[in-house]
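Next come two complexes, and both contain chain A; in the first it sits with chain B, in the second with chain C.
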Partner chain A sequence: MAVPLMLYTLVILPFLAALLIAIGSSHGRALHSGLAAAGSALGLALILGIAGRVIGGDVLAVSVPWVPVIGLDFSLMIDPLGLMFAGLILGIGLLVVIFGHFYLASDEATGRFFASLMLFQGAMLGIVLSGNVLLLLVFWELTSLSSFLLIGFWRDKAEARQGARMALAVTGGGGLVLIAGMVLLGTIAGSFDLMTILERGDIIQASPLYPVMLVLILIGCFTKSAQFPFHFWLPHAMAAPTPVSAYLHSATMVKAGVFLLARLWPVLSGTELYTVIVTSVGLITMLMGAWVALFKHDLKGILAYSTISQLGLLVMLLGFSLEMAAVAAVLHILNHAAFKAALFMSAGIVDHETGTRDIRRLGGLAKVMPITAIVATLAAAAMAGLPPLGGFISKEMMLDETLHVGLFGISWLVPVVATIAATLSVAYSLRLAVHLFFGKPREAEPHARAHDPGAGMWASPAFLVILAVLLGLVPMALAGPLVSSVAGAVIGNAAPPLGLALWHGVNVALGMSLAAVAIGALLLWRHAGLLRGYEAMRHLDAKALFDRTLGAADREVRKLIVATHSPSLQRMLFASFAVIVALVAEGALTGGGTLTGARAGQPASAVAIIAWGLLIAATIAVVRAQRQRFLVLIYISVIGLIITLAFVHFSAPDLALTQISVEVVTILLLLLALNLLPKTPPLLSSQPRRYRDALLAIGGGLGIGGAAWAMLTRNPNDPISSFHLANSYSGGGGTNVVNVTLVDFRAFDTLGEIIVLGIAGLAIFALLDTTSRGAAGARLRSWQEDMPHSPERHPLMFVMATRILLPLVLAVGIYIFLRGHNQPGGGFIAALVVAIAFLLQYLASGFDWTDARRRVGEHLLIASGVLVAMATGLGSLVFGANFLTSSFGYFQVPLVGEVELATALLFDIGVFAVVFGAVMQALAQLSQISQRAARAHAAQVEAQQQGSEP
Partner chain B sequence: MTLEFLVASAIGILVAGGIYLALRGRTFQVVLGLTLFSYAVNLFLFAAGRLTLDRPPIWSKTVTEYADPLPQALVLTAIVITFGMTAFIVVLALRSFLETGSDQVDGDDAPCTLDEQAKADATPEPHT
Partner chain C sequence: MIGYAVIFAFVCLSLALTLNLWRLLKGPTVGDRIVALDTMVINAIAAIILIGIATVNDTYYEAALLLAMVGFIGTVAYCKFLLRGDIVE
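Coming up: the complex of A and B.
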């Protein structure tokens, strides 16, 4: 398979599997796990197919630009480090899928489980195969999200939800910090391409931003890899099903931070700052995790803290900035993945077969579940670092490396602390095996029901334990070339020569190792006493601390919101207007220059002055009579009419036509709404408040009016309109420049606008269609008619007149529509005119009569209008022109003469349909509500009359 | 008096009326305020093309001077969108009135903090 295709397939496979599983989620467990296993196995086969080439030194890469502006390429790369991690992710993934198939009951939501698991696998693969650090961040966030789904899989359990939330908060928060660090890294290096960054270590370490960048990236890694003080999320993530824990905490999620440290080792490591921070954090985590693990009773709790400790070990090794330490880290990553996954699965088996995970209730299980006992004991021995297992070799190497590192100038600090931590590791590993499988059973009930599971469940851990054993017996044959080549990739150079073996002769490391085993065994022997001492001590509860911190943050944010954003429209509007007025005033006062410009004014005719006076009077009347609501509507329509006249006067016939028809529709709308709203409500605002608002209003009026005046008395600054005038006829094929602008020059704007209008229409439907339910429905049913009505519901003259009018108006509408390209008119105006004709039918003949005769619904009109407009625009793409390019031609039609046909006309049809649909939607819905209320009222009146009659 | 003065002062008056009404406490008044405000805004946008008499932007071979077509096109859609917005707000106001029985923008007792709001939300409303 070609390299690019192979890499893409590798990353896409898990996501594809997740999608398929999600689609088939109603099918059985076998399909889900089968798909997941197939996806993992296929990926693993691909990895194995290229393993030889990659270990041999080939770096396979592929890249396509994604968002080139910010340097984000979709580039994938596979080098030995990526290969090893991809192999772990897919290999352990496959084993976990097999284990999970038998672990989960068939009535669980296995579709959701395996889909999330595959999603997570894809995200992890993305991290380790990304060739661009920004792309890596995308996958990094995706692991946080998908692990949230996995940890919270049993969503009916509070601890699962809390654990998932905590993991998301910590790792997701760390991810945000990491983004900042990575962006800094890319900025310093001048590229976001991983290969380029790795070559520019010198530039990066010389940058003054290096310390900031380093700390940010380290926080990202430490949160993900559960390093102190961010470790507390990991034990709580144990609320996840055991297969998830086995996957997340052995080879994947928590290794992502370690991976990133290893990946960026050539550019980050080597400085004093790096060594001190990473080594000490790793050391503290290793010691603390091992100490706590010794005293946990929950099997998974022990494993959780042992994981924290082992991760600390890895981080510490990478922190040494020594090449051999990096080699040891690589080897230990392999070892840890093998024995830890096996241990988690064993814990799952014990839980599954005995019904408890509390080590204090178990014991002597070796007799009843011998296979599990062998598997888990060997894995625990590997974790303890006992020969002849793989864990022994890497622990030996680790101890040897500590001798070369002095922290804070103290040469014995690291070796001594590391030996203590190793001692504790021996103790908790031995305790796990001994207390669980040997000695006498502590409680009869779990012991009585315990037995070995079917082969399906123990096969996976057994396979891993065989690997862990072989890693100790034949390390060079099994892992030598891989470790050597991966270490080379981490270091960025050829790795130092490697001699993995159990026996290196008598040296200091061996002595430390022996001491660790001896003292560890001693600790286990005296465990009961130690436990009493441990429990007598006071311990910081990280979860309570976390909850308190979150609670405090929540309270403070609430306070801030209340202080800045009170839930009062009046206050918010006042603040907004006040700020705008202040800005205008500030600009006017500090901008300099004069208010009045040099452009000569045009004398106003007497008619104009009278119209102006009417407008002023009507506005004042609207404000003064605001509580007599029907009266206000009349004043409002006066204003609308005068504005229409102004448009006529100032050479804007299209605007005048639009304004007058919108005016009619708006007044109808307000009338219909007012029918149900209070007509003359009492005064609400206090007098000082009214004065305050009036003051602000006058300020605003002066500001905006002044701005208008300043603008009108100056000449325009080289407007672009001349282009529209020059090209309207020759380019757009129409003489009405306004219409050509709408459907051609700026058709994209118009498209957006009709979509907005369509959305408004649909939103109105959504708001009104559900009014009959709940509190609104109850109010509507008890609505009392509070207006005198004509006794004749449908006056005959009115009905007849509107019915005769309808075809006439339709003809006018078509005329206005067709001539729109050359004369005032067009889709907008025609739609409004036609809408008014139909609304008149609703008014005159009632909702039911009209609605029953309606052929096409408003939804259909809006949708088809938008689609027609879009299709017209897309049509031009077919001819190789830009989106929404119009085309036109003149055709000779017999009898009619020359006729122009333009694609813009099609676009205008779309506009027509949307505007018509949206207007009808708003008004027809509203009138239906009114009708419903009126009918309810009539029924009440009737009921009362019947009730009053004896 | 010049036409420019008439238009500018009309815009100013409409803005003042619009702001004052938008700050009132009942939904219908706020709708009226927004209507006045929209008139003013549309006029202002239109005025950006300056005031031109008797020269509609209908292209003809013999005419060389036209009113500015661009603000007209923009205002035309703005008028229609204004209708859409007004209709939406009116319906929103109506629905909220039917739902709560109050036509005040901040509710009957205008809770001033989120906590009070939460408390008010938590108490179930008696169905009438």
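Coming up: the complex of A and C.
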């Protein structure tokens, strides 16, 4: 397969799998996990297919511009570092999918689970394969979001929701900081291309912005990789299902920070600042995580803190700025992924089989679950760093490297603290294995039904543990070439020669390792006493602190909102209009030029003057009657009518048609709303304030009038107007310039507008659909009908007349739609006319009758409209033209004659569907509220009658 | 000849529209106002046709057609509102 295609396929595969799983979410668990496994396996096969080339030194890359203006290219590249991580993501992903298939009950929302898991896999692959740092940020955010979905998978559990929110706040917040850091990095380096950045280490480290950039990027990495003091989210993320914990919170997502540190190692590391910050943060995290892990009781809690500790170790190694330490980090990433995922899965098995994860209630499980015991004990031994397992080799390399680093000028600090942390990690690892599987059963209950699960569940952890063992027994054969080539990619040069082996002779590191094991075993022996001491101490509750901080921020923001945002509509409108009027006045007064332009006026006919007089009279009537809302509506109709005449008079037939149909729809919607509103509202403002508002209104009117006057007395801005007139037929295939402008010349604007309209339709739904609940619902229930009720609901004459009218109006609507490209009309007007045809049925025959006969819902209309318009635009890309380029042709149709077909017509169908859907949405929602209110009112009346009868 | 007819018709229409508005503003009942509005719509249809005749232009015929077809809906809705409150039951 060609390289570009292969790279794209790699990244797209998981997203495709997620989409397919989501589409088939109503099917069974087997389909979901099968699709997820197929996606992962296919990706893994692709990776393995190129592994030889990449390890051999080829860097495969592909790039297409995405937003070239800001330097964002969709560029992917795979080098040894990316290869190793992609292999981990896909390989462990495959094992986790298999494990998850057996772990989740078949009645759970497995479709949602596996779709989110694949979404995460795609995002993670995107991070490790990005060849552009801005693209990397996009995928970085995606991992935070998909991890939020996965942690909160069990939505009904409060701890899952809170854990998900905390993880999103910390990693998402860190992501924001990272964006700032990356933008600085790209600005300093002069490019956002990763390869270019990696070559400009000297320029970057010499920049005065380097310290700021470094700290920002490090915060991003530390939040993601759960480093002190941002580590607290990881234990709470354990509310996720165990497969998720095994995948995200041990093997992959939390390694994203480590990955980024490794990726940028050539440009960031080596400075004093870098070494001090990264080493000390890693060291503290390693020590603190190991200490807390020793005293946790929840299996997943122990594993979470041990993960924090191990991540600290990795970060520390990368912080040393030593080449050999980078090699050790790479090796330990492999080791940790293997044993930690295996441990998480084992914990999941124990939880699954015994129903508890509390280590105090468990013990002696080796007798009833021998296979799980072997798997988990070997994995724990690897975590403890016992020979002959892989963990031993990387831990010894780590201890050896600590001897070369002096922090704050103290040469013994790092080795001593690292040895203490190693000791603690021996202790918690051994505790996990010993307390869980050996000794006496502590409680009878969880034991009674415990047994080894089916092979499907233990196969994945067993496979990983075999890897962990082989990494210790034959490290050079299994991982030698990979580690040395990955380390080379991290360092940016050839890696130092590698000698991975269990036995390096007697040296200081071996002594430290021995001491760690011995003292660790001692700690385990004395664990009960230590635990009492630990529990007697006071501990900072990070979650409470986080909640308090969040609460305080929330309160402050609320205060700010209350201070700046008045809930009075009158005041807000006054403020916004005052600003607008002031700005316009300022522009008019300082902008120069004259109000009246050079264009000569037209003679005013007597009819036009009379119409103008009527308009003024109706407007004054509206102002005078403003509190009698029904009268105001009638007066507004007069204004609408006269404006229609004005459009006809000034030769704007499209606008006249639009005005007529908009007028009808507006009146209907306003009447629907008025039914629930006070018909004569009380005075809302004091007398002086009303004078103030009147002044503002006059000012605004003068401004608009002045602007209109200035426009109308000037000649049209000719290059634009004449271009449209000249090119309408030849370029857009239509003689109606208005319509060609809407669907062709400015189709991109129209697309944006219909999307906004669609969103507005959905917002109407979201706002009004909730009115039956809460305070609004209570107000609605206490609503009193204040209109008289004539006995006849649906007058027969009216019903019959409107039913005859329906096909006629529909025919006119279709006619207006089809001819729109050449004559006045088009999708927008047609949609309004068709909507009127349906509104008329609602009006005459009632809501229930009409709604029962309607097949297509408003949401579907809006969505399909936007999609059709988008698809039309994208269709032109297929033919190599720009987005939304239109095309047209003339065809001979029997009987009808020559017919023009333009792609713009398809686009217009999209416009039609969205407008129609939005209008119907508004009507349906408004009338549903009235009906709810009427029902509530009727029930109330009935209850009163029943109450008064006896 | 048609020129004089058009002018005569415009004079009549203007007078009619003015009187309509007079009734619409004066009332006294809401029913009067609604009927006045409905008559205004009919006169507006006539005005559009008349403009077409005067300028020898059939472009505006559809506007008149549409107004004739949907113009009464506002009237009906106002009446329904007066009678029942909720116009879509």
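Everything below uses one rule, namely that the second predicted complex is superposed on the first by the 574 of 950 C-alpha atoms of A that agree within 3 Å, B and C clash if a C-alpha of one lies under 4 Å from a C-alpha of the other, contacts with A are read in each partner's own complex, and residues count from 1 in each chain.
Here is the rule we use: a contact is a pair of C-beta atoms (placed from the backbone, for glycine too) under 8 Å apart; a residue touches a chain by one contact, two chains touch by 3 or more.
Computed from a prediction, not measured in an experiment: that's the story for all the values here.
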Exercise for the section: Kindly classify A:L674 by the partners it touches after superposition: chain B alone (first), chain C alone (second), both, or neither? Expected result: both
Practice task
Answer with first, second, both or neither: which of chain B and chain C does A:Q931 touch in the superposed model?
Solution key: second
Handout entry: Larger contact residue set on chain A - chain B or chain C
Key = B
Problem - Which superposed partner A:P653 touches (first chain B, second chain C, both, neither) - result: both
Handout entry: Touching partner for A:P824 - first (chain B), second (chain C), both, neither
Key = both
Exercise for the section: Quick one: classify A:I70 as touching chain B (first), chain C (second), both or neither. Expected result: neither
Handout entry: Partner chain(s) touched by A:I816 [first = chain B, second = chain C, both, neither]
Key = second
Completion exercise
The shared contact residues of chain A with chain B and chain C are 649, 651, 653, 674, 823-824, 923
Problem - Residues of chain A touching chain C in the complex - result: 606-607, 610-611, 613-614, 617-618, 621, 630-631, 633-635, 637-638, 641-642, 644-645, 648-649, 651, 653, 656-657, 660-661, 663-664, 667-668, 671-672, 674-675, 785-790, 792-794, 798, 805, 808-809, 812, 816, 823-825, 833, 836, 839-840, 842-843, 846-847, 923, 927, 930-931, 934
Problem - chain A - residues contacting chain B, complex - result: 558, 561-562, 566-570, 573-574, 577, 599, 601-604, 608-609, 612, 615-616, 619-620, 622-623, 626, 629, 632, 636, 639-640, 643, 646-647, 649-655, 658-659, 662, 665-666, 669-670, 673-674, 676-678, 681, 684-685, 693-694, 696-698, 700-709, 711-713, 715-716, 719-721, 724-725, 728-729, 734-738, 741-742, 746, 749-750, 753, 756-757, 760-761, 763-764, 767-768, 771, 774-776, 778-780, 782, 822-824, 828, 832, 915, 918-919, 922-923, 925-926, 929
Exercise for the section: Mind listing the chain B positions that touch chain A in their complex? Expected result: 1-32, 35-36, 39-40, 42-44, 46-60, 66-70, 72-77, 79-88, 90-95, 97-101, 103-106, 110-115, 117, 125, 127-128
Problem - Residues of chain C touching chain A in the complex - result: 10, 13-14, 17-18, 21, 24-25, 30, 33-34, 37, 40-41, 44, 47-48, 51, 59-60, 62-63, 65-67, 69-71, 73-74, 76-78, 80-89
